[in-house]
Amino acid sequence: MSQTQPPRARPTRVKLLVTCLIDTVYPQVGFSTVALLERLGVTVDVPPNQTCCGQPAFNSGSWDDARAMARHLIDVFGDDNEPVVVPSGSCGDMVIHQAPHLLKDDPQYGARAAALAARTYELTQFIVDVLGVTDVGARSGDRLTYHPACHGLRGLGVARQPLALLETVDGPPRCPLSDAETCCGFGGLFAVKLSEVSGSLLDRKIASIEASGADTLVATDVSCLMHIAGGLHRKGSAVKVKHLAEVLAEGSSR
Amino acid sequence: MTDSRDSVLAAVARGVRVGTLPPDGRLEHPGAPPPLDRPSDREGMIASFTRELQKLMGTVHRVADDAQAHARVFELLEARGVGRVLAWDDQWLRPASLGPALRAKGIVVEPCWLPADGPDRTARLKSLDDVVVGITGAHGALADTGSIVVVSGPGRGRIASLMPPVHIAVIGAEQLSPTLPAFLAANPSIADVGSNVVAITGPSRTGDIEGTLVLGVHGPGDLHVIVIG
Amino acid sequence: MSSAPATFYERVDKAIGSPALQAAVRNATFRMSSGRDAAVAAFPEMDVVRDHARAIRAHTIARLDHYLREFETNVQRRGGHVHWAATSEEAVAIIVAIARDHGVKTVVKGKSMVSEEIELNPGLALAGVDVLETDLGEYIVQLDDDHPSHIVMPIIHKSRQDVARLFRAKLHATDDEVADAPRMAALARRVLRKGFLQADMGISGGNFGVAATGSVCITTNEGNGRLTTSLPRLHVALMGIERIVPTLDDLGVMLQVLGRSATGQKLTVYSNVMSGPRRRGRDGGESESDGPEQFHVVLVDNGRSTLVGSDLAEILYCIRCGACLNSCPVYQQMGGHAYGSIYPGPVGAVLMPALQGLQRWHDLPQASSLCGACKEVCPVRIDIPRMLLEHRDTTTKLGLTPIWVTFGLTAFRQIAVRPALFRRAQALASWATRRLATDGWIKSLPGHMARWSKKRDFPAFASKTFQQQWEARKR
């Protein structure tokens, strides 16, 4: 569905696409991602001057704005062969699928967008499919439940990789989440434009989380996590939210 | 009106010429339907047909021969106190001896004939409206969905499998096909056989009112298929 | 939709504010989507057959003029008539003319979304023709002067009590007659039966037209489709021009995915293929026992031809199974009436603007979180999210996107392509959110963002960004 060209040799060096949300709101997720990759023997570079991949503009139909931001991102990441890892299914989908399509008629950036897409991986895809690792030696005391973020799940086809990684986390058994694949209701500007429906879906997701018996919700996308955390906090819930990278980087059972 | 025909076709043709490919770029006809791996032996097909139709609350009666088929039909009629049926013409029923046997038992066998025009047609329909049982054969049956394929024709009226609340279809086991694609492949000219070809998959049903399943809303709610052999 | 609240957002609020509606829609969509999931799980070839079904539709639309001509030729070869309607008005006029030419006073009608689209019933009523809807859900809609809220199950928004009340009022039903669903269905059957027996004309929709044989296929569970197209002396089938498949084998493929995707049935109870009127024997040969004396097909364009060859051509592949509605979290939360359109849900959000313009329907493509569930369940793999995004692009180009959105996004872009400026903006946003926040959370955001705050808190941004901290560590 997304990557068709995994690198031939096991990579030892990658570039991190931090994403504007992680950069601005949840930098700890960025550091967890780095720590995790380093533990797996991969050196992480962070190209400077990262801003935004352009997805919010793209989703809102402001495609010229989206193209401008996509071009900037391509400039930031350069044209070498180093794999790019992104701890987000929605930004990943933007870089891997949408940007090449948006820029396909651009004489300079079209080919570069396609080349960047070909070496970009969502974090769990990279660990499981490229590094071939499912047990990262993580340990957690939390009762975890997992929400599969839509863009990662359906846009990139990332379904089994996060589950495989969670499976090997040493700790209490995972709590199944009912209605798990139903959207949390974030959808970017949708959350504001159609806030009634968004709120209704958020209630539904939180009801599933509360029924799961978990004390921590895990996801691979901070956009969902920000939305769900905001709802949990409004309700006065004690349930925490964590990005999968934070869980995996946490305790080490080695 | 021919103007609209021309303008619509011209508009479509313009779009076809522009021909923006769908994202996957495939435009050729994909060819024969994908094969479905299903039992095609007689016992396997009868078992599948029976299971599927019974799941849908139809009833399947397997009998060894024509005489037993007669007997089963009579039982079904007697259980309902039925003295009048709507049926296909004798030579189209299975077995062909069923029609005469019914009449010999004193059962009134109404033919499916409908007049062409308004008042006579309505009168005939009204006179048939209280018939409780319709009896037909079938052109074939589909094992993996529990369906019978009923085709209209001279002496094979649509109304026999449609108007009465009970429908009895008598078929031979050799009429079973494994699947719908298999049936269509074996019967490529089926549309030439009759103006109405219907795959009947269980009794009539609706879930419109709050999702509650109700049988026999307009078509027959009680479907019996007698399989000979 | 004249009785509905004025704007899309008002309709949405009304829907979300009705717990009874929400429960009804949730239950119905859950039932249908779990039925679909079970049927798909039990059908190992589903993916292969879906790919094949999509290829058939893609091929047909890419050669639609050819197949329409072939279809017409073969309908006529069997003694049927084909009428072409460029617009809704023409389609209504054609059917009214057929009715007038044949002294039609009463019509029985099967379910047809196209008939809603062209507003056929009012047109026939104006011409003095009585129309009786015979699909149970559509009959209830007609009795109640309502509109269907789902393209397959018209009254998922009504409870059993709603129907009982309606039958008491309009049919003078006794308490016994409305005691439960089976009894109400039986009452409807009795009433509608009279209609079937004496109607002059039956009007049906058409799930598929088969070009090679000149056939029209309709699928129903109740049997009203069969009665509508067999008992009256005239049959008129109403179909969008895009509902063509090349051969009967192709029809077989479509039928394999249609029932499973719609309700979880392997096949709808009556999959009815009609090829022309009742066949009369030639040269003294025998005629068929029954069936309509005349068979008319009315092909409706109404904007569909403009989509052929466009970026939106894929929406013409739709076989109206309703799976996208059932799987859509937005539809599940608000039901069909909120959309205010003939075709609601994901397919409607693409089709309505495509057929009738974004000026009128630009709200619908916004009513999506782009979760992709619709694309996942579509039996012909239509990429609805892609087309919703196309509509959003066009909406902006037409100047229909609200200013605060376009201004905000352009401002954001100007900042995002200038990293030094972006960093300053991040610092400012961080400071602002931390000032507004208590214990790391903001209860009430200002301006347009206030709508976020209705249901959730907003986090204070980090005091230092990841990139700032990363730079600091390197030194």
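Residue numbering begins at 1 within each chain, and the chains themselves are lettered A, B and C in the order written.
Just so it is clear, a residue touches a chain if its C-beta (ideal position, glycine included) is under 8 Å from a C-beta of that chain, and two chains touch if they have at least 3 such contacts.
What you see is a predicted model; the values in this text were computed from it and never measured.
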Could you tell me which two chains share the largest number of C-beta contact pairs? B-C
Based on mean C-alpha positions, which chain is nearest the centroid of every protein C-alpha shown? C
Chain whose average C-alpha position is farthest from chain A's own: B
Whole-angstrom distance, CA centroid of chain A to CA centroid of chain B, is 53
Could you please state the distance in Å, as a whole number, between where the Cα atoms of chain B are centred and where those of chain C are centred? 28
Using Cα averages as centroids, what's the distance between chain A and chain C in whole Å? 33
Residues in chain B with touches to at least two other chains are numbered none
Going by the touch rule set out above, which residues of chain A reach two or more other chains? none
Can you tell me which positions in chain A touch chain C when the two form their complex? 18, 20, 22-27, 30-31, 46, 48-52, 54, 56-63, 65, 68-69, 71-72, 150-151, 153-155, 181-183, 185-204, 226-227, 229-231, 233-234
Chain C-touching residues of chain B, taken from the complex the two chains share: 1, 4-5, 7-9, 11-20, 22-24, 26-30, 32-34, 36-37, 52, 56, 89, 111-114, 116-118, 121-122, 125-126, 129, 142, 144-145, 147, 152-159, 162-163, 180-181, 184-185, 188, 190-191, 194-212, 214, 216-220
Can you tell me which positions in chain C touch chain B when the two form their complex? 24, 27-28, 31, 44-45, 48-49, 51-52, 55-56, 58-59, 62-66, 68-69, 78, 83-86, 90, 94, 103, 134-137, 140, 153-156, 158-160, 163, 180-182, 184-185, 188-189, 192-193, 196-198, 200, 210, 213-215, 221-224, 226-227, 229-231, 233, 241, 246, 248-253, 255-256, 263, 265-279, 281, 285-291, 293, 295, 299, 301, 305-311, 313-314, 383, 386
Report the residues of chain C in contact with chain A in the complex, numbered from low to high. 9, 12-13, 16, 22, 329-330, 332-334, 366-373, 375-376, 389, 391-396, 401, 405-406, 409-410, 412-413, 415-417, 419, 422, 426, 429-430, 441, 448-449, 451-452, 454-459, 461-462, 464-467, 469-471
